[in-house]
Structure formats: structure tokens, C-alpha cells
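The following blocks contain the structures, represented as C-alpha cells.
There are two complexes below, and they share subunit A, which is joined by subunit B in the first and by subunit C in the second.
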Partner chain A sequence: MTVMNPTRLFRKKDPYQNHISRTRGEKIGGVIICIFLFALSLIMIYPFWHVLMYSISEPERALGGGLFFYPRGISFFSYSLVLRNAQIWIAYKNTILKTLFGTLISVVLSAMTAYPLSVKRLRGRNFFSMMIFFTMLFGGGTIPTYLLVKSLSLIDTFWALILPGAVSAYNMFILRNYMQSLPSELEESARIDGAMAFTILFRIILPLAAPSLAAIAMFYGVSNWNSYMDCLLYTNSTSLQTLQLYLRQVLLQTSSANAAMTVTGETSEYVSDTQVQMVIVAVSVIPILIVYPYLQRFYTKGITVGAVKG
Partner chain B sequence: MVKQRDLRNASGRGYLSKLARDIRMDFLLYVMLLPGIIYFVVFKYAPMYGIIIGFSDYNIVSGFSDMPWVGFGIFEDLFTKAAFQRAFINNIKISFLKILWGFPMPIILSILINEVKNLFYKKFVQTTVILPHFISWFVIYGMLYALCNLSTGAIPEILKSINAAFGTDIEVVNYLAQKETFMTVLILSYLWQSSGYGTIVYLAAITGIDQQLYEAAMIDGAGKMRQLWHITLPSLRSTIITLLIFRVGSIMNAGFDQIFALSNSLVISIADIIDTYVYRIGMEEAKFSLATAAGLFKSLIGLVLVLGTNWIAKKVDPDSGIM
Partner chain C sequence: MKRTMSLTLALVLALAMFASSAFAEERNTITLMMAGDNTVADTNMVLEELENRLNLDIQVNYISSGDYSTKLNTLIAADTLPDIFNVAGQTALDLRDAGKIIDFSPYLEEYGPDILASYEEGELEKLIINSKGGVYGLNNRAGLSIVNMLIRKDWLANVGLDVPETVDELYEVMNAFTFGDPDGNGENDTYGFVASLAADPTWQHVFSAFGIPYAKTVMLEDGTITSFIKHKDFLDAVEFLRKLYQEGIMDPDFATMTQMESFERFWIGKVGMFNWNSAGAARNWYPGRYTFETPEDPGDLFACVRIIDEDTGLPSGGITPYASQTEYAAVISATCAHPEDAIRFINYVYYTEEGQDLTCLGIEGVMYQWIDKENGLYERIGEYADDVTHRAAGAFVYNGNGGWTVDNTSIRTYNAFAKASQLEEREYQLDYPFIPVTLDAYTEYGTQLREIEKEALANLIVTTGDVEAEYAEYVARWESEGGSEYEAQMTEWWNENR
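So, the complex of A and B:
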């Protein structure tokens, strides 16, 4: 006769329910937690909802203010005004290009740095790792970096939006740690078969490191989309303006009828400043909302696969 | 493997020849590493050389070639500036408040989320709380503006109708432009933006706890609170310590992105931090030496704090720490 494992027995009954019946206090506690978390979720979502509902309401009715649980009438007039403006398309184009090329360059550079550092026999591996790790602890600062970018003649070029922040030491280490956890026999046997380092990286290691590769691609992508310091510091011309800075420019003009003027080039009685601002906020956040389900999945994976150890 | 060992045995014994051989064998790996190393040398280490601006009288016309060395003169000048002292104090104050409110929040939230038994609901809550992390601070500023502005904002309208309905006299102000309320806006928006994101790590750690521990505790009659105190929190201990080191070590980073987006000239006296100070005197007033000195001061304190907290953490718990 086999000895029964008591925990096994209880688990069979119901995997989610505690096997000792919950006390009344615990049940009430559970309900309170659920209600609290629901309220919290509402607080997290409402600002997004507010902006979206405000932006599609009829302009005069939106001026009433208050909470917007549903749009007050539907009008896409402000959207058509905003989207008719050339500058927003320039800003959109720059942000998309920055996100695509910036992320591509960042991921390739990070992978090419991470792989050699994950090969345990490589001489100087610890030295190079420490050298990169140190940049996470200490840096030259804003002004020296600005002067460097200036002396490289990158000011007011598209490269200034991509190169200064191309590799994040943190992301590189996430990737390296993941590659280190792959069995080293893979690399060794491929080498014996005569595969070159680049072939091994792109054909064997990267496909296996896909989860962490996707995660850092997301990290880079989101930070490229949202960052504005590089654009603020290193570019002056409006042809290189990114979406975030365009948003800033429009949001800061709250004093008079400026926002609508800036965007549409005309003051229209049918449109309010606030609504134009809300439309631009909506326009810059909608792409993020669309890809958010993927972002969340890969982010969660990425954060849990790699803890940084120097 | 065989090929490698044969090569190693065949060549000479001197350190240099061994080195040369190892480099030759992994030549392509070094080639691959090169662009990354060049990146870090150029964009991270070259600016560290630029720190000498903080010890010299730099002017933009003559540049690096002709700048008189003044030693700690710039720093002496910096420390007497009232605006810098103010920025330093604000920096510590804002960071401290953010740690005080913001550090426990993800831990509490993860424990609560973990109590939800319905998987669909759990997923829903997780998805919504992480969302704010993915948007920029200018978008958040836009949302705050929509909620707080006096003419069409949501909150002033609600307060006005409460006042009208109950005859109360709640003062309706623009929270973004008042010294008294701006710190609250700063902390609350920070909590809104970052708390959910912080739960990812803790939830992963909680999921990793062996369920049999809870079952054993329940059989012994431990209630929820005792399970929390004796199982969940001790299991999270090393995660909490490691994250706290990172957090305390980055106390000098009070959140430039947030403050730059949210603050305005009306609240500058309580919102100006070292980073915004550096940006203002460096990029707007072109006082490069002073700004570099301020930035360096900040980085050095940050470095000492990270190393210090890491050292303490290792004493407390040898498994934790970042190095």
C-alpha cells in the first residue's frame, strides 16, 4: 500500500481553492481586495479614457469639463485639423524612423557585444564586462556628453537621435546573462564543424535567445518612442523634431489661443485649445496602446529573465 | 574542443605567445566586440574625460584647447550658489518621498494581486496597472492638464459641483501651478506611473515560492497574515534588498524626465533638482563649467551611494547585492 501524500490529496480537490475552507474573515478580505484592485484599475485607465473621450467630443460641449465617461456628441473635426498640419507628420515620421532604426541598431550592437562577453574562454572578458558595467555607475554628465556630440558634428543630424544612447549597458547584460545560460556545447560543436563566430551568433545563439532578444527590443523600442532628451539637446531644426517634443510645444502654449494657432495656423471658433491638445496627446499615445498587449508580454518576460550581475 | 587543445599544446609557453594565440583563435569574437567597445569608449568614457571642464574655465569660443585650470574654484563657486543648494535639497527631498511612498507600493500591490483567485481578473488588473509605465511624461502631463486645468478640467468641475451641492467651501486651484500642491502631484503621478511596473519582479518572485510552504502553514493553523509574515515576505527578502540598493543608490536621480515635463516657473522653487539645474545653467545659460561641476558632484555622490549600499547589503545578506 502506498503512503498517501497529504498535500497531493488536497491539491486534487481544487487547484485554486485553499483546502482548509476559508474563514468568513478571509472571504470578506478577498472581496475587499477585489474591489480595491478594481478601483485601482479604474484610476490607471481613466486618464487615457478621459483624453480619448474628450478628443472626440463635440468642441463646444467638451468645454463643459468634468468627467468624461462617454463622448459628448461625436466630432472628428479637431482630428482633421490636427492631421492636416504638416509638422505633426514630420514629427511622426521622425519618431517612427528613430524607433525603427534606433531599435534595430541598438539590438544588433547589443547582441554583438553580448555574445563575445558570454563566451567563457574569451580573454579580457571580465575586463570588458567591468568596463561596461562601470558606465552604469558613473558617467560624464549632460554637458560633457553634449560637447562630445557637438565635436563629432552630430548636432542637428538624425544620427544624434540614435547614436548617443545606442547601447544600454543594462539591456546588454540582460542579453549576455541569457546567452550565458545556454549550454556552451552548442557553440563548441558548431565551432568544430567550422562555423565562424558571426554564423554561430546569427544562426544558433540568437534564435535560441529569442525571448530575451524580443524583450530588449521592446525596451529599446519604448524608450526610443518616449525619449525626448536627445532631441531636445542635440537638435534645433523643426525638420528633426520628434513627436514628444511637438507634444511639449503644443502643451506649453496654454496661455492664449496659441495651441490651436500653432497646430492649425488659424484660429477657428469651432475648436478649443484643450481639445487640440487632447487630440495630440491621443495621437501620440494611440500607437503605444495598439502594441501594448505585445509589449506587456515581452516586458514581463524580459524583466524576469535577467537580473544584472557585474 | 579537440582542435583547440591541440593548438594550445603545440605553441609556446610564454604568456605573450599564449595571449597572441588565444586572440588569434577568437579573432572574430574580438572583431564582433569591437563596435560595442568603441561605442562605450566614445559615448561613455570620452565624456568622463570632459569632466575636466568642471575644473577649468571653459568658454565655448576657444574650446578645449585653451582653458585655464582652476582646480576646485568652480566647485567653491557652485556650493555658494543659492539655486544649487536649493536644487540639492529638493533633489534629496523628492527622492526620499518617492522611496518612502513608491518603494513599498509594488510590494503591497503584488501581494494583493496574488490574492486574486480568478485568473482572468488577475490578468486584467496586471495589464491595467502596468500600462502607465509605457507612456512618456509629456503624455502624462497632457493628462494631468486635462484633469487639473481650471477652465475645463475634470477635478475642478467635480469640486465645484461638490461645493454647490453641499454648500462646502473647498478651494479650487490649479494643482500643477501651486507650490503647496505640486509636490503631491509629483508623488502621486510618480506612483501612478511606476507602481504597477514594479509589481512584475515581485509577482514573479511570489510565483516562485513553493506552494507546499503555504499548505504546511495552513495545516498548522496559520491565517493569511501569518502566512504573509512568515512565508511571503521572507521569500521576497533578497529581491527587496537588491531593489532597495538600486533605489537608494539612485537617490540622486530624482526623475529629470518627470520634473522637466511637469514643472513650470511657478513651482520652480520646490521642483528644481540638480538635473534640471544642470540643464538650465548649462544649456540655457551656457555656463558649461558650472553645469559640469554640478553634474559631476551628483554623479560622484551617486557612485558612493551605490557602492555603499551594496556593501551594506552584502553584510546583511551575502546573496544579495549587485556586484
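So, the complex of A and C:
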């Protein structure tokens, strides 16, 4: 029977073994950095952990307050009550539709704006780019935008949640920069083969710009999921209410102590108002939290690929 | 044949169209924007019933209270105001002066008789917005409940003490409620006093015991109207609180605790004495919010504490609640096509018993029924016993206060203890110089001055340094950061108007 030497085993796996060995100071520094980063990540994770643990604790035991490193008993009663409320499903539906359609429309419009601006032979390219860039520095403002939305008869329509913020200048420039970095020979050869502008865009450019498209889709998606101001200002009907506005409404219900009553209406079994708020926060964050790990790599990638100057 | 059939069909169709338009009930439309924190569908039973009773098409834009001003400011700037909305302070006066809201006094006699009847002679003119003549706004006089200091009788019995009547007895009870195991669970897990800096009422009675109206204005001996922190006995009250804090009788989280958390301490039995109005604590919260066993009658559980004032020898009550004269529950925009209908709506919903009951309790016989109407006893029927269903059907949503009159559905449905304790508290209420207008200095420095007051209170309670010196520093800071200007304006206003 062969007994393996643990030290040897460790050495084999040590990534520094074949490189420059670290000094004692570096090792200590590394440990300190690790501890510091670990503490930092705990600080960042804890607020959400607190919300999550509070939300699944037994309502009566959660009321004591303090830190929640683990749930005080397990109860999903508040979740079941919150999810029974019809308005949360209406809000969910609206937010999902807004995120899906809003993102799709935004990406298509951004691509269709970015492509011509990336073509060097386009006359007035710099002028149009500057015009769009200008909106990044000076926005139209809430009131003029409201008046525009109103004059377009979009008030209290679903389109008011999508169209006003459909194209972000920042995202468009990321895409334009990426398209500029593509070899112009690809477009030229397609043109020689008889392809027209739309064919070149949809068959050549966009497939090649997939990483950048994914990144801006992510930006648009998160932005659509989180936005609430457009819903507040441009809609009046509760049937168009989005999740974030609903969440905010529930979170603001602290003065009259009726959050639980409003959302759940349950009086036969005890429900804590704070817990209802925690549940709503968790419910609104969980979907994006599930999706985020799969998409977060596009954040960095999207910005770096777009940063390549053409 | 085909031709005849076609002609006949066309004729029938045309007649049907004429008939439908001739017999269709033409309803005027009114739009209103209101703040509230319920989640309700755009169409619901109560709204439909209201539309039928008033023969109106009512479109409600229901905004979360925290977002109301944002939305209103946008609509004001875009000049797209709804017919009826609520607005406060200088914004209201600006709208009046700009002609954006109307003087609806010409409509009151015919369409708003109950509104007129509810105000005493000259009362409407007292509202700042109406002070130049005409009626531009109405205020909400509901919800003016006075704060009680409720104490649990079962805890008193457990520690063998009576309802305290002096500051010393108050301390003794608080001490026993902390260390005497008042809940009998054998654990040291209770506090004698819980208050939150985020909830002014939670401090009221402790300060009232020293004759100080907490977070309000006071008049100094020289006639100056100023902040309560400059009251001659402020340090005495602070010393009392310091003692509670240092001895572990007061919940140490008072500076960071939210209002809701302070409620929760009371609901779960971590504290047996709490400052809040009995309408909330002994009716709205009762018994559903309390996690411990509660008797059927809240009067069997709670008593009210009123400390005898050493100077006057009278019990000290909660602070006198005043109806705002700068917040207008309803104004009517100049673009309103049917102001008479707007007045009719306001009159019915907020000033008549029938309208108040409908919008607060729901449809009688369908959603609720009276058990003893004289004594305000009712029960919700069937599925409407559930709050979600009740509110989803529109009850309570458009009329959370029970009406804008002093006597309203909410008051009429108080239980006996809430009624009696509110009335009794009024007899001993602590009055203060109420400034109903928004002074310039308040607009400029008000928020900042209030923050200084809170910071002063928090630090003076926990400090281990020289309390008097620190107090003097806070007062000096309060005065130098706009307080002197504010008190000069308050004093001037008081001398001119009272």
C-alpha cells in the first residue's frame, strides 16, 4: 500500500511551483488580501442574505430583529400569501413582457443605428454620431420627455414602457465600435456578391457582432427589469404596473402598518409586515439573480470588445 | 329578394344604431389622482357602484404615496392635471395664483351641501389657500387621533404595580417591566420603554410628562416661539431617558429602529408600554397584530398612562392634533370639464355617511352588514372577510381615513375602548403654538433643523460626556443653522395672527 505524501501532493497542485516562488511577505500579503476580499464580499452578500433568511423565517420569531445568519425556523407561509395576490402576477407579467419585447426592440434598433454609423463612407457620419453623443451629455429632461410621450398618444399604453428608452446612446456606441472593428473586406466581398445593406447587416455583421449584441442585450434586459420611473410617469392603470413599481409601493407602506394586510389580507395567521416586504424584495430579485451568473461575463466582455477603436 | 333583404337589414341596423345612441346613458367623466398604498384593479365593485350611484364615469389614477409628488409635479409642469387631486403648501398657492385650479365656491351650495354643513362658520376661510377669498381647497379633518400611552394590565398585575401617575412611578414600572419578568417566561427579554427616532409619537408621553410637546413648537417665557429642544425642562426629560438607557430599561436601538420595528416590539410582547393612538393599537392592530393571547375586549388588556404634571397637578395627555391648513385633500383643476360633478363626487364620497360607508366598508349587504349600527359594530360577509378580497373589490382604497369629516366611518366604527380612551385623552391634551403656514425659513432650513433635533436627542441620551455642555452646543448649532431665523418668523407670525 502506497502512502501518499500530502506535502508532495500539495506541491504538485501549487500553481506557483513552476513559477517564481513567493516571498514570505508576499504570502502574508496574499492572505491579508484574501481575508480583506472575503470580508468585503460578506459585507456585500449579507444584505441580500438577510432579506432571504428573514423572508423564510417563522414570522413571529423573525420579529425580534437583529442579524439573520440563518433562518429562525422555516416558513414559506409569507411567500404563499404574497404570491396569492393577483397584482404581483400582473406586475410580473408586465415586467417580463417589458423585458423581453423591450430588449428585443432595443437591440434591433441599436443595431440598425450602429451599423450605418460604423460604415466609414457614410456622409455626415460624424455629425450623426455627435448628435447622438450629445444626448449622453444632456438629456431631454423628465417634462419634455413626458410631453413627447403624451403628444405621441402613448400615455397609459404598454408602448410607453418600451419606446421612450428604446435606444441607449451608450449601448449603441458600444455596438458601433465593435462593428467598426470588423474587417471592412467582409462587407466589401458581400457587396461584390450582390448583397444589399440589410442582408449585409443581418447575415454578415450581426452574426459577427454576437458577443457585443449579447452584452448590450444584457444591459437592456437589466435596465428594463429594474426600471420603474417610466411606469410611474407614463401609465395610470394598475393593469400596466410593473414589478418594480409594485415593489416600491409595498416597501413604502410603513406609515400605516398595513403592508401585510394590503398584500396578503390574511388575519387568521400571523404575518409580519416587515417579512412581507422581505418576501417581495426576494421575489423580485430572484429571477434576475438566477439569470445573472449566465450573463455577467458579457458585461466585461461587451465593454472591452466595444472599446476597440476601429 | 336579395335586395329587399339587404335594405331591410340596413334599415334595422340603422335603427338599432339610432336607438342605442338615443337610449345610451350619457355619463360625464371625472378624473382624479390620489395617493394610496393599496393594490387595486382599475375597475372594481366599489368603483362601479359609485359610478352608478353618481351616474359618472370615474377614472382614478392611484399612485403610491411615496411617488405622488413626483407624478404630480410632472403633470403640473406638463399642464395635464386631473380634475381632482390633492396638493399642499406653496405648490397649491402657486397653482391658485396661476389659475390652474378653480374657485369652486359657486358650486358648493347646489352640489356640495354636506361639505358646507361640515365646516363651521369661517372655518373654510382659515385654510391658507382660501384666505384671499373663494374656496380653492378642502382639508381632511379625519385621522386626528390623539396619542395615548398604552400599558398592559396583565404585565402590571404580574409585577404587582398600578398604572403609574408620577415620573417616579413611571420609572418604577418601566424598571419592573424590564427586570421583573413581566411576561412570566423566565427570561430577561423585555424592555420598559421602546421608541424610535423615525416615529415621533413613540416619544410623546415621556416628554408630555415634563410638559414638553415632542417635536413641536413651544413658547418661551419671553414669548418666543421656538423648537421643543429649547423648552426649559428639556434636559430633565433627557436625563430621565438617559437613566433608562444607561440602566438598560430603554431599547438601545432607538436611533436606528424603524417605525415598523417599534410596532413589532409591542406586537410580540417585548415591551408592555407604548406610545401610539388607541385607534391604531386597540382597533386596527387588535387582535390580529399581537402574537400573544389577547382578551376579546382591548379594555381588558390595556390601560392609559397619564402622568400628573408637577406644575399644574393635572394629568398630561398626548399632544393636541391639529388639522393641516396647508394640505388640501381636494382641489379642482381649471381644465375640469364638469366641476359640478367633481364637487358632487367629493361631497358624496367624503362628506356623506352613505358615501363614506360605501368607500370605506364596501357595498352593504354584499361585502359587509351592520350588527349594531348605533355602536359601529359590523361584520364583513363571506369572501370579503378576507382583507385582500375586500380591498381588491375597492373597499378602503379610496377612503382610507373613513371620510374627511371629523366624525366619519372610521370613528363611527371604533370599539368602546378606542372611543373612550380617545375622548378621555382629549380632556388632558397638551396644547402648543401651532403654526399652520409654511414659513420661508421652514422651507429653507426645516429638514436640517429637524435632523439636528434628532441628532441632539440621540447623542444626549447616549453620551458619557458633559450633557449640559453638549446640549448648549446643539442649541447653538440649531440657532446658527437657520433656527434663529425660523423662530423669529414663527414668533412674528404668531404675534400677528394669534
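Basically, the second predicted complex is superposed on the first by the 276 of 310 C-alpha atoms of A that agree within 3 Å, B and C clash if a C-alpha of one lies under 4 Å from a C-alpha of the other, contacts with A are read in each partner's own complex, and residues count from 1 in each chain.
To be clear about the criterion, contacts are C-beta pairs under 8 Å (C-beta built on N, C-alpha and C of every residue); 3 or more make two chains touch, one makes a residue touch a chain.
What you see is a predicted model, and the numbers here were worked out from it, not measured in a lab.
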Open item on the list: Looking at A:167, would you say it contacts subunit B, subunit C, both, or neither? Reply first, second, both or neither.
Closed with: first
TODO: In the overlay, answer first, second, both or neither for which of subunit B and subunit C A:237 touches.
DONE: second
Open item on the list: Taking the superposition on A as described, I'd like to know which of subunit B and subunit C A:36 touches: first, second, both or neither.
Closed with: first
Open item on the list: Quick one: is A:248 in contact with subunit B, with subunit C, with both, or with neither? Answer first, second, both or neither.
Closed with: both
- [ ] Identify the partner contact of A:60: answer first if only subunit B is touched, second if only subunit C is, both if each is, neither if none is.
- [x] second
TODO: Would you check which partner chain A:142 touches, where first means subunit B only, second means subunit C only, and both and neither mean what they say?
DONE: both
- [ ] Based on the superposed arrangement, let me know which partner A:274 touches: subunit B (first), subunit C (second), both, or neither?
- [x] both
Task: Partner touching more residues of subunit A, whether subunit B or subunit C - done: B
Task: subunit C-contacting residues of subunit A that also contact subunit B - done: 63-65, 142-143, 146-147, 233, 248, 254, 272, 274
Open item on the list: Touching residues of subunit B toward subunit A in the complex: what are they?
Closed with: 1-3, 19, 22-23, 26, 28-33, 35-37, 39-40, 42-51, 53, 109, 112-113, 115-117, 121, 124-125, 127-132, 134-136, 138-147, 149, 151-154, 156-158, 161, 192, 196, 200-201, 204, 212, 215-216, 218-219, 223-224, 242, 256-257, 261, 275, 278-279, 282-283, 288, 291-292, 295-296, 298-300, 302-303, 306-307, 322-323
Open item on the list: Applying the document's contact rule, which stretches of subunit C touch subunit A when the two form their complex?
Closed with: 37-42, 59, 61-67, 70-71, 74, 77-78, 80, 253, 257-261, 263-264, 267-268, 270, 280, 284-285, 288-289, 291, 386-392, 400
- [ ] Give every residue of subunit A touching subunit B within the complex, in rising order.
- [x] 6-7, 10, 16-20, 23, 25-26, 29-30, 33-34, 36-38, 40-41, 43-45, 47-48, 50-51, 54, 62-68, 109-110, 112-113, 115-117, 119, 121-123, 128, 131-133, 135, 137-148, 152, 163-164, 166-167, 169, 172, 188, 192, 196-198, 201, 222, 225-229, 233, 244, 247-248, 251, 254, 272, 274, 277-278, 280-281, 284-285, 288, 292-293, 295-296, 299-300, 303-304, 307-310
Task: subunit A residues touching subunit C - in the complex, by the definition given at the top - done: 60, 63-65, 84-87, 142-143, 146-147, 150, 232-233, 236-239, 245-246, 248-250, 252-259, 261-267, 270, 272-274
